[in-house]
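Structure, as structure tokens:
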Amino acid sequence: MKILVQADVFDLGSEVDAMRQGRTDIGAIASFVGLARDMNDGSGVAAMTLEHYPGMTEKALAALVDEANARWALQDVTVIHRIGRLLPGDPIVLVAVASRHRGEAFAACEFIMDYLKTQAPFWKKEETADGERWVEARASDDAAAARWNHKPDLFS
Amino acid sequence: MKLRVLYFARLRERFGVAEEGIEFAGATAGDLLAQLQARGGAWAEELAAGRAFRLAVDQEIVALDAVLHDGAEVAIFPPVTGG
Amino acid sequence: MKILVQADVFDLGSEVDAMRQGRTDIGAIASFVGLARDMNDGSGVAAMTLEHYPGMTEKALAALVDEANARWALQDVTVIHRIGRLLPGDPIVLVAVASRHRGEAFAACEFIMDYLKTQAPFWKKEETADGERWVEARASDDAAAARWNHKPDLFS
Amino acid sequence: MKLRVLYFARLRERFGVAEEGIEFAGATAGDLLAQLQARGGAWAEELAAGRAFRLAVDQEIVALDAVLHDGAEVAIFPPVTGG
């Protein structure tokens, strides 16, 4: 299990290769990379800055991975989330899950992303032609996380 | 008791403070919110009932009835938007 | 869109980087790599050989990708499936899907894998201590594909 | 009519042939199966009703009632196991 919060760019290929290295018991690796887009909510985005809550972030990500491990038979999990200023096209977040079977790898990977979106203390601020704006939380992200039947958020 | 209170993202900007030490005579997270709302202005507005924010004590999300302890790290922040 | 059937190994990192190259409109890339395992159905597997139906394979994979494109708003899809003799730990199949939003990328990636498992003409033969054996189709793979409400298989 | 018939994987090995040209006087894929079953042995056994196999005509999966045409490429193979 590997959980990192970092300003530096990550490399999907290297991370997945590191999971596989020297192992012959893995059947499936599902992975996800979230990227900064040049458009959001109808306006152009020149750059974004990711703020987080140091200390709690790592705990929240570890709790998500623990929960995924409790739900599915996983062999390895990597979660990397970047912070700081990012440009369109830059990778923001990586989740990779290794398992014997693909169904578990897919489910756990999507579960971790859905929960990360609603439970991990990161906030995005976008730079647009109209100035800076904080990204608002999406109801669709709450709905995505709720699919997994987690306890509801305590405030909303 | 003494609390360390942190603010993040939009709330940090609206309140104009990232972190402060607070003398607290109440018991719960809800009591702390009432004390902060009493400052008026952005505090009253952003922390009003029905506004969307989250509260963490010692880096765990909690509800308003969470009991605070001396030296607790309390954080108040908007709904998260990472990923 | 890129669909390849090849004996050569593929590289997940290079394939996903190629999808992203020069683009700033992609928000999500979900990917999957299936690997040859050293155990299957309770016995050790020393190697496997993948046979396919040249011509039909490429058509079947293209049809799966077309169907995924019809169901979800996708920006790019890559499917690579290897043939020939593979050893435990070797990658067998790669599916990568780019979309603006993660829900569509995840769904399409898993859909393509589930359908590939039941619709694309590949067959695996395993080398075990007891000799060679053809891998039998799994009811769980039919069930996984049926989740997507496709027309049922014509024979079973 | 003349058909090109292909066999794959376990069926190729059981029949001992990967590909053959067949003179065919029937109409449907089902008629072709009956003709092959009449060869007896592995043919009768593997292509019996209820056995798991797939049939493709010109590289598309079809049902038993598919009508064949002169020059068609017909393939008979086990359920697939790639991925």
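Each chain carries a letter (A, B, C and D) given by its place in the written order, and its residues are counted from 1.
By our rule, a contact is a pair of C-beta atoms (placed from the backbone, for glycine too) under 8 Å apart; a residue touches a chain by one contact, two chains touch by 3 or more.
None of the values given here were measured: they were computed from a predicted structure.
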item: Separation of mean Cα positions, subunit D and subunit A [Å, integer]; value: 48
item: Subunit B and subunit D: spacing of chain centres that average the CA atoms, whole Å; value: 72
item: Inter-centroid spacing, subunit C versus subunit A (mean Cα positions, whole Å); value: 24
item: Overlap residues in subunit A, where contacts from two or more other chains coincide; value: 34, 102, 113
item: Overall pattern in which the protein chains touch one another (line/ring/star/complete/other); value: line
item: Those chain pairs that satisfy the touch definition; value: A-B, A-C, C-D
item: Residues of subunit A touching subunit C in the complex; value: 11-14, 16-17, 20, 23-39, 87-89, 100, 102-103, 105-106, 109-110, 113, 140, 144
item: Subunit D to subunit C touching residues, read off their complex; value: 6, 8-10, 52-56, 59-63, 75, 77-83
item: Residue ranges of subunit C touching subunit D (in the complex, touch as defined); value: 34, 50-53, 55-56, 59-60, 81, 92-93, 113, 116-125, 134-138, 153-156
